[in-house]
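Remarks on the structure that follows.
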Amino acid sequence: MTAVPADAPDVVRSAYAQLAVTDLTAARWFWVGILGFHIEYEDADFLCLRGTDELTHHSVVLRRAAAPALDHIAYRVRTPEDVERAARFFGELGGPVRRVLKGKGTPGVGDAVRTIDPLGFPVEFFYEIEHGERLIQRFDLHRGAEIARLDHFNIATPDIPAAYAHYTSLGFGCSETIEGDAHELYAAWMYRKQTVHDVAFTCGAGPRLHHLGLATHESHKVLRVADVLGSLGKQHHIERGPGRHGVSNAFYLYLRDPDGHRVEVYTTDYYTGDPDHETYRWSVHDDRRRDFWGNAVIESWYKDATPVLDLDGNPQPVADSLLDETAAKVGADGLG
Amino acid sequence: MTAVPADAPDVVRSAYAQLAVTDLTAARWFWVGILGFHIEYEDADFLCLRGTDELTHHSVVLRRAAAPALDHIAYRVRTPEDVERAARFFGELGGPVRRVLKGKGTPGVGDAVRTIDPLGFPVEFFYEIEHGERLIQRFDLHRGAEIARLDHFNIATPDIPAAYAHYTSLGFGCSETIEGDAHELYAAWMYRKQTVHDVAFTCGAGPRLHHLGLATHESHKVLRVADVLGSLGKQHHIERGPGRHGVSNAFYLYLRDPDGHRVEVYTTDYYTGDPDHETYRWSVHDDRRRDFWGNAVIESWYKDATPVLDLDGNPQPVADSLLDETAAKVGADGLG
Amino acid sequence: MTAVPADAPDVVRSAYAQLAVTDLTAARWFWVGILGFHIEYEDADFLCLRGTDELTHHSVVLRRAAAPALDHIAYRVRTPEDVERAARFFGELGGPVRRVLKGKGTPGVGDAVRTIDPLGFPVEFFYEIEHGERLIQRFDLHRGAEIARLDHFNIATPDIPAAYAHYTSLGFGCSETIEGDAHELYAAWMYRKQTVHDVAFTCGAGPRLHHLGLATHESHKVLRVADVLGSLGKQHHIERGPGRHGVSNAFYLYLRDPDGHRVEVYTTDYYTGDPDHETYRWSVHDDRRRDFWGNAVIESWYKDATPVLDLDGNPQPVADSLLDETAAKVGADGLG
Amino acid sequence: MTAVPADAPDVVRSAYAQLAVTDLTAARWFWVGILGFHIEYEDADFLCLRGTDELTHHSVVLRRAAAPALDHIAYRVRTPEDVERAARFFGELGGPVRRVLKGKGTPGVGDAVRTIDPLGFPVEFFYEIEHGERLIQRFDLHRGAEIARLDHFNIATPDIPAAYAHYTSLGFGCSETIEGDAHELYAAWMYRKQTVHDVAFTCGAGPRLHHLGLATHESHKVLRVADVLGSLGKQHHIERGPGRHGVSNAFYLYLRDPDGHRVEVYTTDYYTGDPDHETYRWSVHDDRRRDFWGNAVIESWYKDATPVLDLDGNPQPVADSLLDETAAKVGADGLG
């Protein structure tokens, strides 16, 4: 973890994402039944979900809506004062800043600030959140993919250097990148907590949410979710994998929920908490960067993503990407 | 698999065990909820259970009774004629032979023959049995220890050479033994199907049932059942393990059901189907024979076992063991 | 296992394959270093390899040659008399029959008979074979994919009904098939030992060897071999997978050796030893048949295969396939 | 991670332990061959070892000596100034403080400060350390237990509240405790990095080193090291386990190296980085606290430990424990 710039909020970690889904029953089948999330709260409009290792109220919130979208991603900050600091920080950046008082926003969350960040994403910062019963050793309740915790947000954005600069200004470190011959950035993985990432950028039309990264404890749990989907004749929910990422070393499986939201069920990354942790740089020409085994990336994985909403719930406009990683035709991994 | 002696029935495999249990609800919690058996049939008195890989009606039958016991172990034979052959074979041995017509005995089983074998055990031979829906790839229904199939019976008997001789006369091969300095037999593992065993003999007071061996597919499934029992505060159902057996190479965990019946949940053995498959002999002084990692055997594991019933449902008398393996005090493994 | 027809040799199992390779050093890197086979015998021309669970001399033999090919597949039979029976059986079928005396053929193998079967494949039958040291529990020597044993031959052949009929005449049972709407056979899996198969038929130009199926004990061992190949920058040896087959339930990974010979490293199948074991039939339209998770099959997997030699070492002519499974365009699995 | 007290050094994590061993060849067999550590540096007197995920020079240093002992444990601090802060902090506590210049102390480490802490342990603080080649994805070099990283020190100390107070003054958080009926502390687990612990205290005669905690990625890697030791007839190096700890949720195996130094090979803990992370308290009467499956603790595990040296290399005197956890006779877990 790098030091926090003086004016920036001290972000602890990626905390939760709120997704708009069109059918809470179908979403529940997927997120609870298949992924194994635990329901911490539900009403007619919301489902608040938590992984087995998570001690705070939720890491995924599903909101009933007319169309699929990302409401916002949310970062937890270190102190209540950091919520104020977030308001000032994003106010100075010129974005809209909206205070959401406890009880008025997402269930379980205390006073929060929401903004549209310079990349066009709706982002919430909060300190206070309710805690939940410890489920770490409630093995009797673990099921499906046995998701332990939300690990990261992967966002599709047209301008990777801009995304890198913005998150650097928030004190995020950079664990890995994909770079071209002239060191132009195709993708970057950035962190506050001591893992490979809290947020990563996929070069593409944006702002859109590429996927939520969900950690589970061992590789057999990743395989099981694929087996179960096959059993049910729901194998079309499997988009890509299983495979080993070059970047991050994650053993991964990409799924699409009933609304098309993408999740990565994965296991294994590594500790990044040392003060001089160095960025590991992949060449865009290394066909192991996206799949360490050289398997081809599915086209939809590069192209599809979830639209994001502004603070009033209207879709954010989408801009085309400046670079196209799929044009780097190398081995099985490029799309050609 | 060795050739079948001319007068003996052609045994295919250990097929099922029928256990008397005192509380079907409690037994169901254990066998269905914890072990993951599927219920193929149930009524007020019987619960017929099947593992995920098993295609015949059941491999474990639980019968409601006043006291815990083994009703009988059952072997499937190759043809209907082998049922007749079994009747003649055991009749000539002087034991009681009882014909149990389809519909009059255990649910799902066709015409059968029951006897008390020379070792004092109640044994059934049958050919016909109902088939069940294929669950191998119904991963959505797999739960608990995800038991795939019954693998073997382990019986406690005072005279191991006599047990060895009897099963040899039935055409069983011998995969492994535990032997003393003068090659006196302390234990033996014998098979018809192409695994390490269908039946094994533990030297001890008998006739009693030592345990049922239940196969699951990977080691993490063995660990999970222990985790779940700990979660529920039911850790006293764990008697021994997990560990690796020297004999058979099984990665094992021994559990006791609510009535004290012992099961071994295990994974990994090896193919024994070649015609010249050789017996592998362990010295009783090798402290890896019972646990390849040298961990001590729990005393109850050697001492406790399930009483067996005669054909009229009365307890068979029990004789003391001729040899005592626990007297072989070697390293961690002997009890001293 | 079905009964053996009166005139047919009693085949115990698929025993070994002898492959012609162009560079023994490169082949050794792959088969020993990556797959983890143990070298039982080597000289300037031969490398005899054995898996960790195998107790006979070898299951794979690599022979130094000018061009890659299959020398022969070999089945072990139950008795020395069955070798004679094989000679008569194939003689009556009209194929060439050649006796190979102990010491004159493949190292470690006793008197054998070689023939070209009606499908055009070079096949050896033998009873006698040297035994090797037990490695099952020599975990200190296990490495790479920790291959436990050769499980099956998968052969590419143009006429699946003809292949099915021939192996049925040898007493093989059929565990699974892929069938069209009019029950036309696209593929079949047939066995003598109590697993899903000893031999399987892939519809394609033939006679050619599609792959050797190699069993390992747990899914993480399958994943490890892919990781190691990625580490070494040898990911192009990975052709397809990992994935779960619908047919056979195997968790698989297909690799190509330095000469292009294909191997399947897999884990998990199921017991087929009951006398009334039923064939499980997949529709060619079920996109889970080849990958239970609906992932697309790589085109080379259907198209490439190893040429086979006649008894004099000359390439067998290849005929085109009668059916084309890849024309069944269903979901991700067909090629279109 | 809690905030760092103003006068205390900002500790990043437990970084390495330096052990005195009597035979570097024997130690190398164990630490490199069995555990899978990579040798980063060696000379006639030192062996510097690193796990597969570790990017700094070493996490374990073995020093050739006449008798087994702990030279020192070492914590990495956030900045060079924190090394100075450590010197002041421990100087004010009245302990000896010795500066060890780069090149004069442990190979690979920059300027450091060594002290004897109030608990009697030799402790080093450093910022600068050489980096090593990234091995995370060098799967071809991973072997044995595939140790990924040193996770924690477990120290035997007679006065747990004193240990707790000392590490609290250094800004360590407390993840878990074992407590008596009156909340008297029997044991505590404390952390700076975002895992369950960097240091833990076992109530016992001390100062002594109880064990080094070594993380590996999946449970099958823990099992493999036990299998390999059994293969080699070295099963006496296995002291306890495998099992699941109640505290920390680690799946563990305790080994003793050729000098008797104890290591825990384990997998799975959980994230503790949130600012309001709460301490989880176990009752000393819960027989799942030390083994979640209720298996008995081996007596030597409570009694044996490694002596520690003062800054001149002389053994520190040992005081008896104030409390005896083994007197809490509960179920299988107490020793009675």
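Letters A, B, C and D mark the chains as written, and numbering starts fresh at 1 in each.
Just so it is clear, a contact is a pair of C-beta atoms (placed from the backbone, for glycine too) under 8 Å apart; a residue touches a chain by one contact, two chains touch by 3 or more.
A quick note: this is a predicted structure, and the numbers were derived from the prediction, not measured.
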Revision key, fill the gap. By C-beta contact count, A-C versus A-B, the higher one is A-C
Review point. Which chain is most remote from chain C in terms of Cα centres?
Key: D
**Study point:** Centre-of-Cα separation between chain C and chain A, whole angstrom
**Key:** 44
**Study point:** Intercentroid distance (Cα basis), chain C paired with chain B, Å
**Key:** 34
**Study point:** Centre-of-Cα separation between chain B and chain A, whole angstrom
**Key:** 49
Exercise for review: Could you tell me which residues belong to chain A and also touch two or more other chains?
Suggested key: 137, 218-220, 227, 230, 246, 292
Check your understanding: In the complex formed with chain B, which residues of chain A make contact?
Key -> 137-141, 218, 220, 224, 227-228, 230-232
Point to revise | chain B-facing residues of chain D, complex | key: 219-220, 223, 226-227, 229-230, 233, 235-236, 238, 242, 244, 246, 251, 287-288, 292-295, 331
Revision key, fill the gap. Per the touch rule, the chain D residues reaching chain A in their complex are 12-13, 53, 55-56, 76, 78-79, 127, 131, 134, 136-137, 148-149, 193-194, 217-219, 246, 249, 268, 270-271, 273-278, 280, 292
